[in-house]
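Chain nomenclature is as follows: A, B, C and D, assigned in order of appearance, with residue numbering initiated at 1 for each chain independently.
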Amino acid sequence: MQNQASELAISTLASTEVKPSSTSALRIVDLCYAYADCPAVLQSVTFNIASGESVGLIGPNGAGKTTLFLSICGVLTPQKGEIALFEQRVQPGKFRPEIGLVFQNPSDQLFSLSVEEDVAFGPVNMGFSHEAVEERVREALQLTGVASLRHRPPHHLSGGERRMVAIASVLAMQPQMVIYDEPSANLDVRSRRRLIRFLQEASQTTLVSSHDLELVLEVCDRVILLDQGHIIADGIASEIMADNALMEAHGLERPHSLSHSQ
Amino acid sequence: MQNQASELAISTLASTEVKPSSTSALRIVDLCYAYADCPAVLQSVTFNIASGESVGLIGPNGAGKTTLFLSICGVLTPQKGEIALFEQRVQPGKFRPEIGLVFQNPSDQLFSLSVEEDVAFGPVNMGFSHEAVEERVREALQLTGVASLRHRPPHHLSGGERRMVAIASVLAMQPQMVIYDEPSANLDVRSRRRLIRFLQEASQTTLVSSHDLELVLEVCDRVILLDQGHIIADGIASEIMADNALMEAHGLERPHSLSHSQ
Amino acid sequence: MKLGIDDYAQLESPIHQWLPKYKLIGLTALILAFSFVQKLALLPLMAVTTAMFYQTARLPFKFWRQRLQIPGTFLAVLLLLLPFMAGETVLAEIGPLNIYREGLLAVVQISVRFVCILTLGLVLFGTAPFFESIRAMRSLGLPPILADMTLLTYRYIFEIGDYFQSMRTAMKLRGFESHRLNWQTLKHLAALAGSLIVRSYEKSEQVYKAMLLRGYGQNMTVIYQPKPTRRDSVLLSLTLGLAAGILLAEVF
Amino acid sequence: MHIPDGILPAPIVLTGYAGTGLVTWYSLRRINRQENPQAGVPKASLLTAAFFVASWIHIPVPPTSVHLILNGLLGTLLGYFAFPAILIGLLFQAILFQHGGLSTLGVNALMMGLPAIAAHYIFQLRYRFKITQVNGLAILGFFSGAMGLGLAVLIFFSLLITNLPAGLDVRTEQAAITGLALAHLPVVILEGFFTALLVSFIYRVKPELLPQR
């Protein structure tokens, strides 16, 4: 079963590697990461994401998802391997506005006195003029549907609102690729539904990690299964997630919405 | 639809009110709560839970679930209405060890420097001897399957481990009724599955609030639907949650596992 | 984030097994006696005593070295300044600068006292889980409010430290670089600190509720303390004797 | 800015402990007079932790950077809980980072804590002068913060210089203290501005955190 899955992975990789055209958003080759005195968190992780793709990253807690994200964004320095964003090598510590990371907890991301200030924070740091910043803020707020919250302090918003403001604060930098870490965590059904609709319509290259497999299924065509730092499977979302034996071997469950298909 | 549901609610109530036997765990009559300068959070909430029942509480964020819990535990003082736990009136501010509340975020509840200390905190405050405390700690850790974590600092545990330790810290008081606020929040599939098994086997009267309706379905026979401070429906879990129109009207979704039954 | 003073609390050694209460009394007395020492002749004795304690505690040398790193800078500054600044007797001249005997001796005295007290502190807090140490203080009369505050603060420093790391990472990923001092930078950093404080406050409200619901403040229970063994008492007497000896030697 | 072990003569170390014991006792007495003293414990503890962590924020002052002390704000927010909070914060600085020291804990607590209490009284002036506007509060915040650090700096250098072993005459000592304190004036003012910004942030986001009367 796993063999079949890794073949799947290899074939996907191969197909994108054959034509390393300008459409590659993210290319990761042989990435290894280990914290001091701990077993390796990422072990020779290799995959590609083409521009415009929506990819889900699934796996149990501790599989290495957050470490992977922080490496992609240049926050962590991997021991080995290479990461390229839009054909440019990621250098740890160097700010790359073309990638945005939406944190699992919006409170980690929102700190200003008003929604407006928080959304403007990125563009201001990027050095845009006052008008350009204003334009970006307006657009990001509109896109995420939170324009009406503009003058409120983020600390006073509900969980669902904060999530959308956190997304807006990333989108205002107009990144070409956005990573979402557990975007539906702590959302109620209504906010989650709204988030799913938003993600389905998003135009950026997207990488979503989530325990909420139904969300992954609705948002992503492709899924990468990570466990203990290894890529276990990489392929079509509905196929991988319908594979009960594979899912259970890695602490996951086939989503209910896929069970009637078998 | 709503009418039918409220009739359901009333009939359930009636049936338990007719025989107010010693089996009542929780009786709430006409409970109203409002924070200063805000619209009412709870409006004339009335329901009963019999000893040994497992009841799910569902509804969108802001429906008033947390306020309800804190009122039941005597942390908040309601403006109107009555709450009785095991036939004894709840007096705000008075410690009632027969009820336990498992918070949504375990780190709010694990405030000691070791798992052991945390689990012992309740029994120590209840005034038990060193030996009795020791016995309760051992038992609670065993029941929740985290005996091996005994000497670890709670801060270093995984999400799933923390959840089980938080439950152990409540169970060590040997409450007759336990309230779980979003117990599966932020758990991965494996930990969630373990939690569900635990809840299914738990012997206490249980009240679970969750956005994870599949969990509610697996753990509870009865469900109460709360929205904007009103009880909208109260009845058999699989019936209420299968009612698509009702669910959607209150920001919920019929669980996938119930959709094939229609 | 790794700060753990009690990372080596699980080791086994006579000091680890020493009843925390007695350890606290004994080592505190010794630390105070050390801070009285002025006589040069007593410095070697202090150093040997300290080394003995550290050796007996079986704490790794690495731990000591790491812990000395930060305050070491301060010591280095002192070492570079004092011999040139203070004193009357010129020992040597380096160009326009004089090295004074008194200054040099003062440096030796201060450094030895400093390193010895610090090392004993490591032995004191490094050989028991932190909450055991606080319990010991509590049984010696530390007011309960102070004890509760100490434990809770310690527990949540790590958690709030994690908030801080995440928030700073999030700011960096949105291009924030705090290299220039201007009103904007100051405002953002204040918002960061403010958010941290507000988040902590909100958490404290939850923690308080959780504590109340598990009976916090119900009764001031007597803390369980194991009975001292003969070995505990012998170790305490020895340490107190040593402290008294050093004090006497210093005074007379 | 902590006085490490080994520098100060023993009498000062002991006096420091005695003074700290006294002020702690008085603070706890004031706390115990409050309606529900235990209710303040989690708040004070988590804020102590938050202040501890917030002091890791470095403010760029080219070519270097300074970190915040925030003892003025701590006094402003915690009132009588401030002194125990500072004592605990310093204990952790000493045992986690070896900043300051165990033997000088008492002296350091007085050095940071007394100015914090002063800052508390400065901020309470808002009731005397009936200040309710955010700008007024920010100005009080500025003085609380600047006073908190300013006094601490003064005490720090006084203790350090007058206790240097051997040799400086009184006039040189005074000159050194004044000089060093003045050199820190920019940092004191920076701390004041930062405290002002923080007070207005908290007022807008979580006004109930500012102490009631």
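In this text, contacts are C-beta pairs under 8 Å (C-beta built on N, C-alpha and C of every residue); 3 or more make two chains touch, one makes a residue touch a chain.
No experiment lies behind these values; they were computed from the predicted model shown.
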### Task
Out of every possible chain pairing, name the one holding the most C-beta contact pairs.
C-D
### Summary
Between the Cα centroids of chain C and chain D the separation in whole angstrom comes to 19
#### Entry: Gap in Å, rounded to a whole number, between the CA centres of chain B and chain A
33
### Task
Quick one: report the Å distance separating chain A from chain D, using the average Cα coordinate of each chain.
43
### Query
When you check chain D against every other chain, which residues touch at least two of them?
42, 201, 205-206
### Query
What positions in chain C touch 2 or more of the other chains?
152, 154, 156, 159, 163, 191-192, 194, 198-199, 203, 207, 211, 216-217
### Of all residues in chain B, the ones touching two or more other chains
111
### Query
What chain-chain pairs meet the touch criterion?
A-B, A-C, A-D, B-C, C-D
### Query
For the complex, which residues does chain C have touching chain B?
10, 129-131, 151-152, 154-156, 158-159, 203, 206-207, 209-219, 221, 224
### Query
Which part of chain D faces chain A closely enough to touch in the complex?
201, 204-206
#### Entry: Complex interface listing, chain A residues touching chain C
70, 73, 75, 95, 97, 100-101, 103, 105, 107-113, 121-122, 124-126, 155, 169-170, 173
### Task
Please give the residue numbers of chain A that touch chain D in the complex, ascending.
113, 153, 155-156
### Summary
In the complex, the residues of chain C that touch chain A are 163, 166-167, 169-177, 184, 188, 191-192, 194-195, 198-199
